[in-house]
Amino acid sequence: MFEELDDYRNKIREFALKEFTEEVAAEYDRKESYPDYLRKKSLSLGIVDMQNPAKVLIAIEELCRVDAGLGIALTTPYFGSEVIMLFGNDKQKEILNDVYRGKYILGLGVTEPSGGSDVAALKTTAKKQGNKYILNGSKMFITNGAIADYLVILARTSEDSNPHHGLSTFLLNTKSKGFSATKLEDKLGVRATNTAELQFNNIELSEDDLIGEEGKGFYYIMMFFNISRIYVAAQSIGIARGAFDKIKSYIKENNIKDEDSMFQLSDVGTRIEASIQMTYNAASYLFEFKPKPELTSMAKAYSSETAVFAAEEAMEILGDRSLYEDVQRIFRNAKIMEIWEGTSEIEKLVIARYILKGE
Amino acid sequence: MFEELDDYRNKIREFALKEFTEEVAAEYDRKESYPDYLRKKSLSLGIVDMQNPAKVLIAIEELCRVDAGLGIALTTPYFGSEVIMLFGNDKQKEILNDVYRGKYILGLGVTEPSGGSDVAALKTTAKKQGNKYILNGSKMFITNGAIADYLVILARTSEDSNPHHGLSTFLLNTKSKGFSATKLEDKLGVRATNTAELQFNNIELSEDDLIGEEGKGFYYIMMFFNISRIYVAAQSIGIARGAFDKIKSYIKENNIKDEDSMFQLSDVGTRIEASIQMTYNAASYLFEFKPKPELTSMAKAYSSETAVFAAEEAMEILGDRSLYEDVQRIFRNAKIMEIWEGTSEIEKLVIARYILKGE
Amino acid sequence: MEEENNILRETVAEFCEKNLDEKKIETDGIDKKLTQLLAEQGFLGCAIPDKYSGSGLDETSYEIILEEIAKYSPTVAMRIFVLNSMYYPAVNGTAAEETLKDASTGKINIAVDFINKKTGNESVSGKIKGTLKNILGTDADKLVVFNDGTSLVSGPFKSESRDFMGFRGLKFGDLFLDNSVQVLDKSNRLSEIMEKAYGPASAIALGMIASALQKAIDYTNVRKAFGSQLRDFEPVSFRLARFRSTEVILRNSLYGKVDPYYTFNFAMEHLVEIARYSVNTHGGYGYFKDFGVEKFYRDAIVMKSIFYGTEELRKLTDHVYSEKINFI
Amino acid sequence: MEEENNILRETVAEFCEKNLDEKKIETDGIDKKLTQLLAEQGFLGCAIPDKYSGSGLDETSYEIILEEIAKYSPTVAMRIFVLNSMYYPAVNGTAAEETLKDASTGKINIAVDFINKKTGNESVSGKIKGTLKNILGTDADKLVVFNDGTSLVSGPFKSESRDFMGFRGLKFGDLFLDNSVQVLDKSNRLSEIMEKAYGPASAIALGMIASALQKAIDYTNVRKAFGSQLRDFEPVSFRLARFRSTEVILRNSLYGKVDPYYTFNFAMEHLVEIARYSVNTHGGYGYFKDFGVEKFYRDAIVMKSIFYGTEELRKLTDHVYSEKINFI
C-alpha cells in the first residue's frame, strides 16, 4: 500500500525542501502566522490528495520532516473532513469539495476550556428550537479556529444520564452571527498553524447543518480520532526524522566517532524504525476499513514520544549548535504531539482497554 | 509471509501448552538439565521445520512464550546449521540432514573466555600441518557444548594484520580425540539448555572438516549472526508475550482497574507490538535473501530489552504473586536475551554504522 | 560522630569479609554457627534495646550495619531487618516481647509474614489453621502474621520449602498451620511498621547497589574488549559513573536529613536498574552464579516486588500532596 | 546557621515575588531598573568579595539565592551565575579585576562566551577581530572569551540579536568584533571554571525543577478531568510524587556533603524530564506562554545542551574511576 508511493514521497520531499527554506520556516515561526500562499501552492501542485489516505500519511510525514509548523499548516485545512465525508449530507459534501479545492479552510471544534481530553464532559449546547438549533458555549485550542471558513462542531443537543449520548456534530459557517474567534498567541511550537478560542453566542443553526444523526456526535468524533491519530503519528515520525537528519549531518560533518554518540544515534534510529513500522501497520488496517484502534493508539503514543525523544536528543547531541533556529524549532514543535488528538495518557487508557477486551 | 502460518502457530502453541506444563518447566529449570525426550517428541510431531525459516521464527516465539528454557532447548539443536547449509560440503550437509532428523545435536563454538563479543580477537588456532589442521584453544558459553555431536568451530588458520582475515570454520566431531567439554552450572535462567566450556587439545581435523573456504570464517559467522539474531528477537518476543500473558491474567483475575496498572499494561503491550513489527519486518527482508542487517540488529536489541522490561514489569505488577515459580522463571530467562548473539552494546554499534553508511 | 560511624562501618566490613560467604549462604542458608556469630557481634539484634539482649544502637548505626552486610550478603541483611524492623515493633510492648531475648541472641529464629500482607487464615480461639504460602523463613520458631489484627504464631511449624529466586539463604516456602496464636494487636499494623522501616530497607538496597556497581566498575578495569579496556568504552563507563552519582546521593539522603519516604522511593527506583546493568557489564559471565553478580539482580527484583508497589506509591503521593510546601 | 539560611531564602523569595515578572523579562530583557534593584539587594554580585562591591556571601547562601531566583526567573539566575561563577573567577587576580566593582553594582553588563567553549578568533596585538556567534548577553560591556588563553574583550560591541529559545531575557546573538583585548591567562580556563561552578549551576537547575514541579502539582489540585480531580489520576500524581522525591534529594545533595560532580550530574539528568512532564500535566495549556510552564522546558533543554555533554560526562567518569572507594 505504501511502497508503491515512493515517487510520490520523493515529490513531496522535493517540494518541502524547495519551499520550506530555513528563512521561510523561521519567519512564520517568528511571526506566528499562517502561510496561506503555501497552502494554495501545495494545492495547485497536488501535494495534498485527501482522496488517498496513504498519500496523506506520506505527505504529512515528509512535510513535517522538513518543518512541522509549515507541514501541519499545509495539511490541516482539511481537518475534520472525514466526519463530513462519512456522515455529511450533500450540501455539506459540496462544501467539503470546495475545501479540497482550496476555496475554504475547515477546522474541528471539540475541546473546551474546562474539558481537555474529556470529550464527554463538554458544555457547549445546541438546543433545538423549532427546526433550528441554538449554539452556545466555547471551544479551546481549535486549530484553524481564527482562519477557518467552516468548522465541524461537537455540541450537546440533549441531556442524557450517559454523557456519551446526546452529543451531535454540526457544520458551522464562521460568518454566522454570534461567532467569534480569538487567536491564541505565544505557542511553544507549530507556530505557523492557527490556534484559537471560539465563542458561540446564540448562533442559529439549521437542521441542514447537523452532520449525520442527532445524538451520535460522540461516536462520530471518536471514529474521527481513530483516523486523525494516525496522522499525528505521521507528523511525529516526520519530526523525529527531521531531528534525526540533523543528528546525522552533525555527526558526519564533525567526523564524530565516539561510541557514546553512536549509541545515541542508534537509539534514535531504532525508535524511529519502531514508530514507522507500528504506524504503517496500523494505517494499513485503517485504510482498508478494518481499523484496529489499539494499534492506532499505540502508534500515536509511541511515535509522539519518539518525536520528543529525537528532538531532545538532537538538542543534546548538537550541544551549543542546537541553539540555531532550525534544531531548536524542531524541539519546540515536537511537544504538541504528545498533547493533541488525545494525550499520551488517554492513549494508554485506550490501549489498555482494548488489550483487556481482546482476550 | 507470516500471516498464512496462523494454523502452524496454533499447532505450536497447543504443543507448548500441552508439553511445557508448569511441572516439567520447573523440573528442568531446577535440575538444570537438557530435556532430550522433548527434542525427540518435537521432531516426531514436526514442530521444528528448519527448511522454512518463517516457521522457525514462529515456533521459537510460541515455544518461548510458554517456557523459554524448554523452548530454546527444543529449537537450538540446529544451532549453526545455516553455516553448513550455505557453505558446507556434501559430507557436512549429510550430517546436517541427520541433525534435522534428530540423530545428532549441533552447536556453534565462537565465543572465547577472553573474547566475549570481540569475535576477531579469538585465540583458538587450527594450524595446517600437511593436509590436516591441528585445533588448539578453548571456547566459552557454548550452547549444547556438552551434549552436541558436532560443533561448528571458528578458529584462526593464519595470522593476518587484519584480524578479520585468517579465520576459518570447521565442523568438529565431539568424539574427536583431544576434545573435552565442561558443563557450566548455576545459570540465572534458560536452565534447560546446556552451556559448556570447551577445550581443544591438539585435535586433528581433516580438510574435509573445513566449512567453505579457508580464511572466510569471520564473514561466514557474521552472516550467521545476521540470521541468528532474528531468532533471538523471536525468543525475546516469546518471553515478553509470556510475561504479558501473566500480567493480563493477573489483572483480570483480580479485577484490577486502577489507572497506573492500566498504564503499565499499555506500556508493555506497546513495546511488544513494536518488537513484533520490527522483527517480522526485518525477517521478511532476511528470508527473501535481501537482508538489512541494521533492521535485524534493531529488532534484536529492541526485542531483547522488551523481554527484560516485560519480565520485570510482570514481577513488579504481580508483587508477591511474582514469587511463584512461573513468573520468576520468566524473569530469570529474559536476561540472556540482551547478552547472547551480540550484546545490546554490540548491536547498537552495528546499527549506528549502518545508519551512517546508509546515507 | 562521623568518625564513630566510620569505625563501625569498617568493623562490619571486616566481619563480613571474614565471615560472610554469600555463595555458601545461598546454598546452605544461614546456619546456627553464623547466627551465633551475628548475635555475638551484636549485629543480630542491633536496634533492639539492651534489656532484650539487643545492642540498642541508634538508627544510623543500624543502617550502616545493614548497608555493609548487604554488600556481602543481602540474605543476612534481610534476616537482621526482619527481626529489628518488623518483628521487634510488632511484639514490642506486648506480652510477647520476652521472645526478643531469644531472638536477639540467636536462640530462636523468627519470621514475619510481610509478603502476603494479609493472611486469610483467621485465628479462632487461640489457634490458627490452614496453609500460609510464600513465607520467607520457614525455619522460624515464631512467626508474626497480619490478618484483621497482628498476631504471633508459635512453632514448631510443618513446612515445605521451595526454591526461591531472591534472598536464597532464607528458607522460603509454605507453612501448614495448626498452631497456637496470640493476638498482639487488634489492628493490622503491617503498613505502619513498613513505613517506619523505610530507612533500614533503603540501607539494604544501598548496600546491594554499592556492591553490584563496584563489581561492574572493577570488571571494566580488568576486562579487555576490542583491544582496549572495557572502561574505555564510554557508553559503559559513563553509565556506571552516573550510577555512582546515584549511589553517593542515595547514601547522603539516607544518612542525611531527607525524609525516609523520599529516600525509600529513590532507592527502590534505582535498585533494579543498577543491578541489571551490572549483569550486562559482565557479559556472559554475568549470567553465572560464580561471578556473584546475577544474585544482586535476583535479590533486587524480589526486594522491589515485595516492598514497593501501588500501595507504597499511594503513601508517597499522599505524603507529597499533604505536605506543606515552603514555596509561594 | 540553618535558620539564617531560611531567613535568606524567605527574603529572596519575597523579593522575587515582588520584582520578578518572568513573562515581562522574557519579552523585554533584564532592564536597567531591575539590574539596579538586584545590585542594591546584594544579589547581583552576591559571591564576589566586598572589596569589589560584592556581598561576599558563602557558597551555600549564593546557591540559595540562585535556587530561589531560578524558581521565578531562570534568566535572572543565569545572569547572576555568569557574573559570579564565570566572570569573577576569570578576572579575579588579574589586572581586570577592577571591572568587578562596576559589574557587581550593575553599572556595566558582562558576558562570558562559555557556549562556544573555544573561539577561533585569536587575539593579535591587543585586538580581536571577527564574528562571535551565539553569545548569551550581546548587550555586554565586557566579554570574557576562551581561545588558547582566557581573554577579556572590551566593548562597546557591534551586535545582532536573534531570538533565543531559552533564557530569553538575556540578549542572544552574534558579535562583530574589532575590539581591544586583554589576555587574562595564557591557558584556556573554561573547563576549570566550569567544574567549580557545578554547585551554583545545580542550584539554578534545582530552582527550575522545584518551580515547574510545583506548577504541575498545583494544577492537578485544581484541574478536573473525567469527573474527578487530576490528582486522583494516579499515573500522573505518582509520577509527580516521584519527582518530588528527586527534588528533595537533589536539594539535600546540593546543600549537604555530596561531591558537586555527583550533584551536578544528578541535576542535569532530571531537569529536562521534570520540566517536560510539567508541560504534559497542563495539557493544551502547557503549550502556551501564558501559563508559564513551557518556558521551564525551553530553559531546561538549553541548560542541559550547553552545560552537559560528552565532555562533562568524561570528567564525571574520570572522577569516579580515579576515586578511592572505601570498599573492599
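Just so it is clear, A, B, C and D label the chains in written order, and each chain counts residues from 1 on its own.
Please note the rule applied: a contact is a pair of C-beta atoms (placed from the backbone, for glycine too) under 8 Å apart; a residue touches a chain by one contact, two chains touch by 3 or more.
Worth saying up front: this structure is predicted, and the values here are computed from it rather than measured.
Visitor: Write down the chain pair with more C-beta contact pairs when B-C is set against B-D.
Guide: B-C
Visitor: Starting from the Cα centroid of chain A, hunt down the chain whose centroid lies farthest away.
Guide: C
Visitor: What is the distance, in whole Å, between the centres of chain A and chain D, each centre taken as the mean of its C-alpha atoms?
Guide: Chain centroid spacing, chain A to chain D, equals 36 Å.
Visitor: Would you mind pulling out the distance in Å between where the CA atoms of chain B average out and where those of chain D do?
Guide: Once rounded, the distance between the two centres reads 51 Å.
Visitor: For chain A and chain B, let me know how many angstrom lie between their CA-based centres, rounded off.
Guide: 43
Visitor: Quick check on chain D: which residues sit in contact with 2+ other chains?
Guide: 233-235, 238, 310, 313
Visitor: Can you tell me which residues of chain A touch two or more of the remaining chains?
Guide: Counting only residues that touch two or more other chains, chain A contributes 258-260, 262-263, 345, 348.
Visitor: Would you tell me which residues of chain C are touching chain A in their complex?
Guide: The touching residues are 233-235, 238.
Visitor: Which of the residues in chain A end up touching chain B in this complex?
Guide: Those residues of chain A that touch chain B are 248, 251-252, 259, 262-263, 265-267, 269-270, 273-274, 277-278, 281, 294-295, 298, 301-302, 345, 347-349, 351-353, 355-356, 359.
Visitor: If we count contacts the way the header does, which residues on chain B are in touch with chain C in the complex?
Guide: 30, 111, 114, 116-118, 121, 140-141, 184-189, 258, 260-261, 308, 312, 315-320, 322-325, 328, 331-332, 335-336, 338-340, 343-345, 348
Visitor: Quick one: in the complex, what on chain D touches chain C?
Guide: Of all residues in chain D, those touching chain C are 9, 13, 17, 71, 210-211, 214, 217, 221, 231, 234, 237-238, 240-242, 244-246, 248-250, 252-253, 256-259, 261-263, 265-266, 269, 310, 313-314, 316-317, 319-321, 325-328.
Visitor: Name, in rising order, each residue of chain C that touches chain B in their complex.
Guide: 115-117, 134, 162-165, 172, 223-227, 233, 235-236, 272, 276, 279-280, 283-284, 286-290, 294, 297-298, 301-302, 304-306, 308-310, 313
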